[in-house]
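Before anything else, here is the set of structures, which you'll find just below.
Each of the next two complexes has chain A plus one other chain: chain B in the first, chain C in the second.
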Partner chain A sequence: MIRTIFEKLASWWFKNKKDINLGFYGPPNAGKTSLANRICKDFLGEELGKVSKIPHETREVQFRESVEVEYDGKKMKLKLVDTPGIATKVDYEDFLKYKLKKSEAKKRAKEATQGIVEAIKWLEDMDVVVVVLDATENPYNQVNITIIGNLVARKIPVLIVANKIDLKKADIKRIKAAFPEYPVVGISAKYGNNIEEFYREVFNISKKRKKK
Partner chain B sequence: MPHQCVHCGKIYPTGSKEILEGCSCGSRFFYYIKDEEYQKLKEKIPLLTKEEKKQIERDIREMSGIKKEDAPIVLDLESIRAISPGKFEIDIVNLFNKHRPIIYKVEEGKYIIDLASTFEKNKKN
Partner chain C sequence: MVKKRGKGKISKFSIQFLPYSRIKNLNSNERIKKLLNIASKNNIIVLQGRLEPEEEAELIKQTMIEIGKKKEFKGIELAVLPEKQEANLFEKLRRNFAKVLSGTDLNTFTVIGPAAIVKEINKNPEKIELFLNNRR
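== the complex of A and B ==
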């Protein structure tokens, strides 16, 4: 009887608990949407957004509220915020090789630029941020350093994800060496490799968030 | 700090009512210039056709989400620069700085726009 009451109370408290805003940030084509999709698929059975080989596929901030994530018997309610890739240059000509028409490519470039502004605006509201990097790429660049530097300045806990570890060229060590002060977890969002460790780290960094 | 009308090039000093109400030519697009850079900038102001100016205004209003046709837009240091249609350079360091407004610069017209009025912190939803 007491247990039932306790369980009901616990479930009421959990339902009324505010979502933790978890943002996915990073350069284009690093796998932010793939990772958000992976979490949504694992816990909701459906995807959040479309992924594509063409950079800047996500050009608007997309989110899913009240995603109950479970790891090792612990639960957490997240609002997943998938953001457009942040870049210092958007050039429509880069899209032409993916056989987009010139007009479509120009539109994509304009929307992608708007998306960058939106992504940065949303940063204010994040409790924790997962910075998704492509482990096959050199991590030392202005985009990565600026994103991570700003998160630290705003005291937002950061988890760095080295994505695409299923690819031969992937180099997690290089990412760890670039950002030695932050937790780095290597995963493959596409195939789900090492995703459990990712969830563990998400729980860890969520504890560090500033309470609202 | 003077402001200069994008369309007719007329210069207005800081605090002029024209900056809020619009230039005498009817435009509400202004360059924001530092005194010391004024001479330098003046040389850079390109000549644009009417249609180019209109296109740039349309693009920037669309990108910034300013729906009001008559909302004034003041120009400042750029954080987004359009080199040509479909080609953008983004100064993310500038954009991440929450104390600064968002500024677009369109090079085919090489202009710079401060969107302070739209850069509200709780803008979402």
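== the complex of A and C ==
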């Protein structure tokens, strides 16, 4: 019995000492990197990755380890995993309207497809996932449903972020109606609106992560 | 409902209705390969039932790999309807039993269209709209 108690204590200690893998998933241009940058700026004073209006700006999984996040006197060490936006199609011609050269557009498309494959492979390694959605877009997108369905199947806690609430077209209610079983927090990663509530929810869902 | 966005001609395509029984006895990889193979030949698939979430993710992954291999293939549009259905306990039990027998939820259907033909599948809880591409 003493041994069991000791093992439980050890497990609790390691669970709390190890970085929590916090993944950012979602469709392209929803603001995953902007949110990861916001967290990094708040707690490290520097950004994680480049953001752009052109879709698929993040084409490789990018990390930042040991980010100590503090909220309401509580601390938590995170490994932030910013993933490329997941899509079911990638067409280089879509990039041409952003004034990219044909060769650049083709290269970007190729890298984007490889990035999506990587992002899906990484799902397995997440402890907690923040699904970042653009609050101005229709949430009933199969990519969103597939990502969330996979997280549920793997018993990974999910927090849905309705990003871009600073924009007039933003509609958090529509996102809440689409995913009523999950916590939804509306934020503006760009301007930091409601970011405290986001941190509170991250602490809440992190408690639900499964032991490894 | 099928709509065409903008002016211009639409390439030839066909719609294939696929009963789940046609893929039931295949393993996940074979299932995905079969669906992608049909979609990549300018066919819109209406599949009775749906794939498992892990299979849907794998379908996206394999689609990305195929884009790299096939020049004309730009990916797929994917939608499952209805995503959720209200049901009482008896109805849930009935559906679960039917799912065990058939291998899928036969009250749903999955639309998979090649991105070269299907520009967008606009889905809301009430309806599904297919917008066709005329850029080819």
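Annotations
Just so we're on the same page, the second predicted complex is superposed on the first by the 196 of 212 C-alpha atoms of A that agree within 3 Å, B and C clash if a C-alpha of one lies under 4 Å from a C-alpha of the other, contacts with A are read in each partner's own complex, and residues count from 1 in each chain.
Note that a contact is a pair of C-beta atoms (placed from the backbone, for glycine too) under 8 Å apart; a residue touches a chain by one contact, two chains touch by 3 or more.
All values reported here derive from a predicted model rather than from experimental measurement.
When both complexes are overlaid on chain A, chain B and chain C end up clashing with each other. When both complexes are overlaid on chain A, the residue A:Ser52 reaches neither chain B nor chain C. In the superposed pair of complexes, A:Ala87 makes contact with chain B and with chain C alike.
In the superposition on chain A, contact of A:Val152 is made with chain C only, not with chain B. Legend: residue contacts after superposition of the two complexes on their common chain; A:Asp125 is shown touching chain B, with no touch to chain C. Looking at the shared chain after the overlay, A:Ala105 reaches chain B, while chain C stays out of its contact range. Of the two partner chains placed by superposition, chain B and chain C are both touched by A:Ile116.
Looking at the shared chain after the overlay, A:Ser66 reaches neither chain B nor chain C. By the document's definition of touching, both partners, chain B and chain C, reach A:Val143. The clashing stretch of chain B relative to chain C, chosen from 23-31, 41-49 or 77-85, is 77-85 in the chain A superposition. In the superposition on the C-alpha atoms of chain A, the part of chain A touched by chain B in one complex and by chain C in the other spans residues 86-91, 93, 109-110, 113-114, 116-117, 120-121, 123, 142-143, 146-147, 150. For chain A in complex with chain B, the touching residues are 61, 86-93, 102, 105-106, 109-110, 112-114, 116-117, 120-125, 142-143, 146-147, 150. Chain A meets chain C in the complex at residues 86-91, 93, 109-110, 113-114, 116-117, 120-121, 123, 138, 140-143, 145-147, 149-150, 152-153.
The residues of chain C lying in touch with chain A in their complex are 52-54, 56-58, 60-61, 63-65, 67-68, 74-80, 83, 115, 121-125, 135.
Considering their complex, residues 59, 62-63, 80, 82, 85-93, 95-96, 98, 102, 119, 121, 123-124 of chain B touch chain A.
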